[in-house]
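Look at the two complexes coming up: chain A is in both, with chain B in one and chain C in the other.
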Partner chain A sequence: MKYDVVVIGGGSSGCRAAKANAAKGRSVCVVSAGLTLQATKPESEGRVYADLYELRKMGVAVLRGDTVLSGSWDGAKLLEVHTSNGLTLQADEFILATGRFFSKGLVSTMDTVFEPVLGADVDFPSDREKWFNADFFAPQPFEQIGVRTTADGHIFIKGEAAENVKAVGKILGGERHAKK
Partner chain B sequence: MQKNNDSFLNFEACLKCSICNTVCPMMEVNALYPGPKKSGPDQERYRLKDPAFYDYALKYCLNCKRCELACPSGVQVADLIQRAKLQYGSRSKHPVRDAILASTDFVGTMASPFALIVNSVLPLKPVKAVLDGAFGIDSRRTFPKYSSEKFVTWFKLHAQKEQEKYSKFVSYFHGCYCNYNYPQLGKDFVKVVNAAGYGVHLLEKERCCGVALIANGMEKQARKQALINIESFGKAVEKGETILTSSSSCTFMMRSEYREILDLPTEGYRDSLFLACKWLYEKIESGEVKLKFKPLKMKLAYHIACHMQKLGWQNHTIELLKMIPGVELVVLNQKCCGIAGTFGFKKENYEYSQAIGANLFADIKEAAPDAVVTECETCKWQIEMGTGVPVMNPLSVIAAALE
Partner chain C sequence: MKMKKYDVIIVGGGATGTCMARDCALRGLKTLLIEREDLCDGASGRNHGLLHSGARYAVNDPESARECIAENLILKQIASNCVEDTGGLFISLPEDGLDYQALLVQKCAEAGIDARIITPKKALSLAPAINPNIIGAVKVPDASVNPFLLSDVHALDAVRHGADIIKFKAVTSFLKDGDSVVGVKTDKEEYYASQVVIASGIWSAKLAEMAGAHIDMYPSKGSLLVFGHRVTNLVINRCRKPSNADILVPEAVVSVFGTTSDKVPFEECDNMRVTREEVDFLLKEGVKMLPSLASTRIIRAYAGVRPLILEDSKSSLQADGRSASRGIVLLDHEERDGVPGLITITGGKLTTARLMAEKAADLVCKKLGIDAECTTAEIPLPGSYLKRRSFGAFLSGLGAKKEDTPASKTSSGAKRTSSGAKRTSSGTKRTSLGAQKTSSGAKKPYSAASLPVIEVEKTVSGEKKSVSGAKKSCLAVRSVAQKLCSKETIPYAGIAALGRHGSETLKMDFTGEGAEIVCECEQVTSAEISYCVKEFGVRNLNDLRRHTRIGMGTCQGTHCIQRAAELLAIELGVPEKAEEFMKDYLQERWKGMTPVMWGETLREAEFMRSKYSSLLAEGEISAK
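Moving on to the complex of A and B:
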C-alpha cells in the first residue's frame, strides 16, 4: 500500500504533521497505536481524538490500534514499514512521531536508550547518574534525551542521516518537562 | 504497543487514564454500565480475589473492541471482560432465546427448507408478539430473511465443477449468514475470486465461527465448533490454500478470539486466513492479478465495522472501491452501529442498541449514499433497519463492477 507520506504515531505531533501534509494534497496514512495520553492533558483535552476524525474527513487513512514493528531500507532510504496487523506501507516520506518514554517512542534499559521502531540514533549521557536530578520537581535531564537529527529534522541510523525520515514532537527531546 | 507483561491479558499495565471510557459506545448511552476501565482491569483485581465481586452489568459490553484500540498501554480490555463474562457470568434469564439467537447453524439448517414460511411468518405481528413475550426477542426488530437454497447447495450444484478449470485455489469460509440468509454474497465471492484467476474450494467441514455463542455465554459449544474449523483450516493450509472469508466478525473471531478467549491454537492457520478484500488488494498490488472494472455510477458510504477496525484492513477495501470508475466514495466516521451481533435482538437491549446506532444513522443520512458498504452482516441489518439505505458487502460491489 503506497502513500506519499506515512506518519508513525497518532499523537498530537503526528496528527499535526499528517494534517499539514494532507492539506498540501498529499496522500497520507497515520498509524496510531492508541489514543495517546495527550488527549487526557488539560491543555489538549479531547483534541487528539477529534483530530483523528478530522483527518479521516480529509481523506487521510487512519490505522487505529495498529503499530509499526519495523522498516525495510535501501541504504539510507526507508522503503516501507511493517505493522502488527500485517500491513506493508510504502511511502516517499516517513515521519516518526512516536513520542518519548511514556509512549515507548524511546525505551531505556540500565545502560542505554534506544528508539525501538526504526533503530534511530539517540543522544543520551553515557553516565547513567546524569540522567536524573535528585530533586523530583527540578527539570530532569532525561527529558533532554531524544533522537539525533540533522538541522532539518532527518533522523540518523548508525551515524548516517536517513534520506526520507523526519522526526517530530517529543521524540526530539528537550522543550517540555514534567513539572508543567 | 508494549509486549504483554505477566498479568492476565496485560491488566496490570493499566494506567487508569480512562481513555478507554471515552470511546465506549455503551457507556455513552447506559448509566448502568460501569465502562471498560472498571469492568476490565479494575474489577479484574477483585474478581481474582473473590468471584463474588463479578458485576452482572458486564453483560452490557458489546465486545466492540473500541476500548482496546484506544488503550495506550496495550491492556486487552475487551478480552478481559469477555473472559470474565464466560467465567463468572450467571445463566441468562432467557436461556431458550439466547440459544436460538446463538445457534445460527442449527436454526439456519432448520429454517432453510421452510424459508418461504419462516420469512412470511416472522414479520407477522402475532408471531413477533410471541417471540417478544415468551422469548424476549424485541418485536420492533426486522429479521434477516432465510434463503430457500443454501449457498453450499447452490455451489455444489452449479459452481463446484467449473472450479476445477483453475490451477490455483483458495478455500472459502462462507459463514452462516452467506449460507442461510444471503447466498448471493457467496456467489459474488466466487465470481470475484474466479475473475482473479483462482478456483474456490469449500472447507472440508465448516461450522459457525461461534461469535454468537461466545456472546451468549455458550463456551463449550463454541469450543467444539472452533476445533472442527481449526482442523479444516489445517487441511487447507496443508494443501497450500489461503483461507478467505467475506465477513469481518467471523474473521476476527477465528484469527483472534479463538486464541485470546478460548485459548485454542491459531498459529497453524492465522497467517493464511484473510478477508477476501485484503487478499485481492494485495494480489492486484503485486501485479499478479489484473481486474477490469466497468463504470458503476454510485455514491457509496463505507462503514468501518468495529471488528473490521480491529482487524485493521479497512484501507484495502477502501483502495479496492476507489479502483472502480464512477464510484463516489465517502468513508464514514468510525462509529458503532449498536447491534453487536445478537445483543440488539434482545428486548432488554433494544433501546440501548438504537441509541448507540443513532449517531451513525445520522451520519449516513447526511451523506445520503445510494448504498452503505460494510463487511459486517449484523451492521447491515442494523443500518438497513435504522436508515432504510441498502447495505452491500464490498465483494458484491466489486462483483457488480466486473466486466
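Moving on to the complex of A and C:
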C-alpha cells in the first residue's frame, strides 16, 4: 500500500499531523498501537474519539491495534515501514509521532535511551542520575529527552539527517514539543 | 507540665521496642513506649523481611543460628498472619563449589535447623527462575515476614494489655536524679519510670550519650531492590560465606533482593539515598543467582541502617558474654556506666526481636524486684490463628459473630515479690493505638480480647515435629480463608486483608462501601483502611502504607493515591487535607523510584507525572 504520508503513532500530535496533511489533499495513513487512538491523559480521551471520527470523515486510513516495527531505507530515504499485522506501508513522507517513554516512543535501559522503531538518534544525559529531579513536582529532565532533529524537524539516523521523516509531538522532548 | 509515672519506659518503636512493650505489658508492668515517628520508621521498616531460619549464620555464628531457628518457629506459631512460610533454598553456583554446602548442612544440623540437600533439578522445579547452572541446593525453613505488621500486632497487643504508646514524639532528654535516670522528656511532657529502656536501633548511641552513658555503634547501611512481581515463591540464598547481594525474599506481590553493607556517618541515618553504584552492584550480583532479574521490572530501591555494636572494653556485660557485633546486645548501664535506671537493648535482628525483648524485660523485672515470667512465646498475637484444632473454635465463634465470646486467657499476672502486692495487667482501658477516636461510641463488634482463645503447642525447640507444626498452621490459614469467604463473613475482596491481618479481619466492616478495593496491586479495601485508622492511629498515607501495604505494589500508587487520599482524609475527618496527603505520598513514592528510574519504572514515572498534573491544580507539577 502506498500513501502520500504515513503517520506512525495515533496520539494527539499524530492525529493533528494527519489532519493537516489530509486537509491539503494528501492520502494519509495513521498507525496506532492502541485499539483506540492513544490518550495519555484521562481528559484527552474525549478528544481522541472526536479525532477518530474526524479522520474517518476526511478519508484517512486509521490502522488501530497495529504497530510499526521497522523500516526499510535507501540511504537517507525511508522507503517503507513494516507493521506487526504484516503490512508494508510505502509513502513519500513519514511522520514519527510515537510519543515519549510511556507510549514507548522512546525506550530506556540502565544506561541508554533509544528510539525503537526507526533507530532515530536521541539526545540524553549519559548519567542516568541526571534523568530525574529528586523533587516529584519539579521539572523532570527525562521529559526533555527526545530525538535529535534538523531545524525543520527531520530526524537523524546515525548522525545523518533523514530526507523524508519528520518527528512531531512528545518524542521531540519537552521544550521543543511545547513550543509548537 | 504533666507528670506520669510508669514501671518502665521504652524509647523506640521498632521491632525491639514493640516486642518489649508487649512483653512488659503481659508481665503486668505499667508500660509506656515512646516513638519519635511512626512505628517501624527505623530499621524495622527498612529491612529485607527475611524470617531467618538461622542457616545464614550456622557456620559463622552458631549462637545466632540457634536463636534464629527458635524464634523462627515461635513466630510462625504466634504471628501466623505476619509470616508467610515460604521455605528457602541455598543455591550453589558453579563458581561457589560445594565445600560450603557440606559445612552448612553439618552446622545447621548442630544448631537444630532442618536443612536438607535436594537435587538441582528439584530446586529448579520449586523455583524455575533460579540459575539453571546451579550445582547444588539445600532446603531450609526460611520464611518471609511483614515487618510492619509484626510490630503493629506487638504494639496492638501491648495496648490491649494496658500499655501506653505515644507516637510522633521524640525523647529529647532524660530526667535524672543524681546519676540515676528517672524518666524522659519529650518537647512538652515529662514521664517518670523506675526503668528506662533504650530500644532505639542505631539512634541508641545518641540517646545513651544524652543519658550519660556511652555505646560504640557502627551504622551499616544496607540497600535493597524491589522487583515488580514474585520472581520465586521461596527465599533464595547463595550458598557461600555470608556476603553482600546474596538473598532474594518474596514479599506479598513483590520480591526484594539485597543487600549491601557500608559504613555511613550517623548524620546520614535519618535520610538515606540508594546510589547508582549500589543499584548496579545489586543487579549485577542478582542476575548471577536469578538470570531473569536482568529483565524484571525494578519498581523501587530503599535502604536501612543496621544497628551494629563495636566490641568495647566494657563488653563483659553484654548478653551471654558475647560481643559479636551482630548478636543481641543488652547493656545494664547501672553496672557498666554507673547510670542506674537505664538499660539498652539493641543489635540482633528482626527475627530475634522477641527474644531480645525477653532478655531486656527479664533484666527490668530483676531491677524492679518483680517475679513475672515471660509468656510472649506462647500467647498468640492479635490476628494469629494457629493449629487446626483451634480453627474449629475460631470458626464456630463466627456463628456468634456479634456476641462476646469468652474473654481470652489474660496474661500471666505478675507478682511483685518485694511488695507482695499482686498486680494484674491493667485491663482494657484503651484498646487501640488509634487513640481518642476509637472510644467515641463507634460500633464495636468485639470487645478487646473477645477472639477465641487459641492454644499453642508448647514452645518449639527446633525438632522436626514442630517444623511440621508450623507448616500445618500455614495450611490451616488457607483453609480458614476459604471457609471464611465461603461463609460470606468476609467478602472475596477481603481475602488480602485476611492474609495480612488474620482473624483481626473479622473486625472490619465490609458492608456497603467497605468491600470496595482502593489499591488494586495490594488489594486494600476501604474496610481495611477504616480498621487501620481506628486501631493504629494514622496521620497520613505514608503511615497507612505501613499497616496495609497500600501503594507498595507494582504501580507504586499511580492508580490509587488520589482515591486513597480522599478516603483517608474523610476517614480522619479532615477532607481538606486530601490533596496534601496525595502530594506527600507522591513525593515519598518518587524517592524510592528515582534510583531505578529507567525502563518500565521511567514509563510509570512519566505516567504518574502526567496523571497527577491533570488532577492537581495547574502549575503544581511544573514542566519546565
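Operating definition for what follows: the second predicted complex is superposed on the first by the 165 of 180 C-alpha atoms of A that agree within 3 Å, B and C clash if a C-alpha of one lies under 4 Å from a C-alpha of the other, contacts with A are read in each partner's own complex, and residues count from 1 in each chain.
The rule we apply is simple: contacts are C-beta pairs under 8 Å (C-beta built on N, C-alpha and C of every residue); 3 or more make two chains touch, one makes a residue touch a chain.
No experiment lies behind these values; they were computed from the predicted model shown.
**Student:** Please tell me, clash or fit, for chain B and chain C sharing chain A in the overlay.
**Tutor:** Partners fit side by side after overlay.
**Student:** For the overlaid structures, how many degrees, to the nearest 10, lie between chain B and chain C at the C-alpha centre of chain A?
**Tutor:** Taking the centre of chain A as apex, the angle works out to 90 degrees.
**Student:** Examine A:S13 and indicate which partner it touches, taking first as chain B and second as chain C; both and neither are also allowed.
**Tutor:** A:S13: touches no partner chain.
**Student:** Looking at the overlay, does A:Q140 come into contact with chain B only (first), chain C only (second), both, or neither?
**Tutor:** second
**Student:** In the overlaid three-chain picture, which partner chain does A:T83 touch, first (chain B) or second (chain C), both, or neither?
**Tutor:** first
**Student:** For A:F101, is the partner it touches chain B (first), chain C (second), both, or none of the two (neither)?
**Tutor:** So A:F101 only meets chain C here.
**Student:** Scan A:W131 for contacts with chain B and chain C and give back first, second, both or neither.
**Tutor:** Second partner only, chain C.
**Student:** Is A:A33 contacted by the first partner chain B, the second partner chain C, both or neither?
**Tutor:** So A:A33 only meets chain B here.
**Student:** So, does A:N21 touch the first partner chain B, the second partner chain C, both, or neither?
**Tutor:** neither
**Student:** For the superposed model, what is the least distance in angstrom between any CA atom of chain B and any CA atom of chain C?
**Tutor:** Scanning every C-alpha pair, the shortest chain B to chain C distance is 7 Å.
**Student:** Both chain B and chain C contact which residues of chain A?
**Tutor:** After superposing on chain A, chain A residues 40, 104 contact both chain B and chain C.
**Student:** Looking at the complex, which residues from chain A come into contact with chain C?
**Tutor:** Against chain C, the touching part of chain A is residues 40-43, 100-102, 104, 107-110, 127-129, 131-132, 134-140, 142-144, 174-175, 178.
**Student:** Considering only the defined contacts, which chain C positions touch chain A in the complex?
**Tutor:** 276, 280, 283, 583, 586-587, 590-591, 594, 597-599, 602-603, 605-607, 609-611, 614, 620-624
**Student:** Spell out the residues on chain A that touch chain B in their complex, using ranges where they run on.
**Tutor:** 1, 29, 33-37, 39-40, 46, 49, 53, 56-57, 59, 61, 63-67, 83, 85-87, 103-104
**Student:** Across the complex, what residues on chain B touch chain A?
**Tutor:** Where chain B meets chain A, its residues are 1-2, 15, 17-19, 22-23, 65, 68-74, 271, 281, 285, 309-313, 315-316, 318-319, 331, 333-334.
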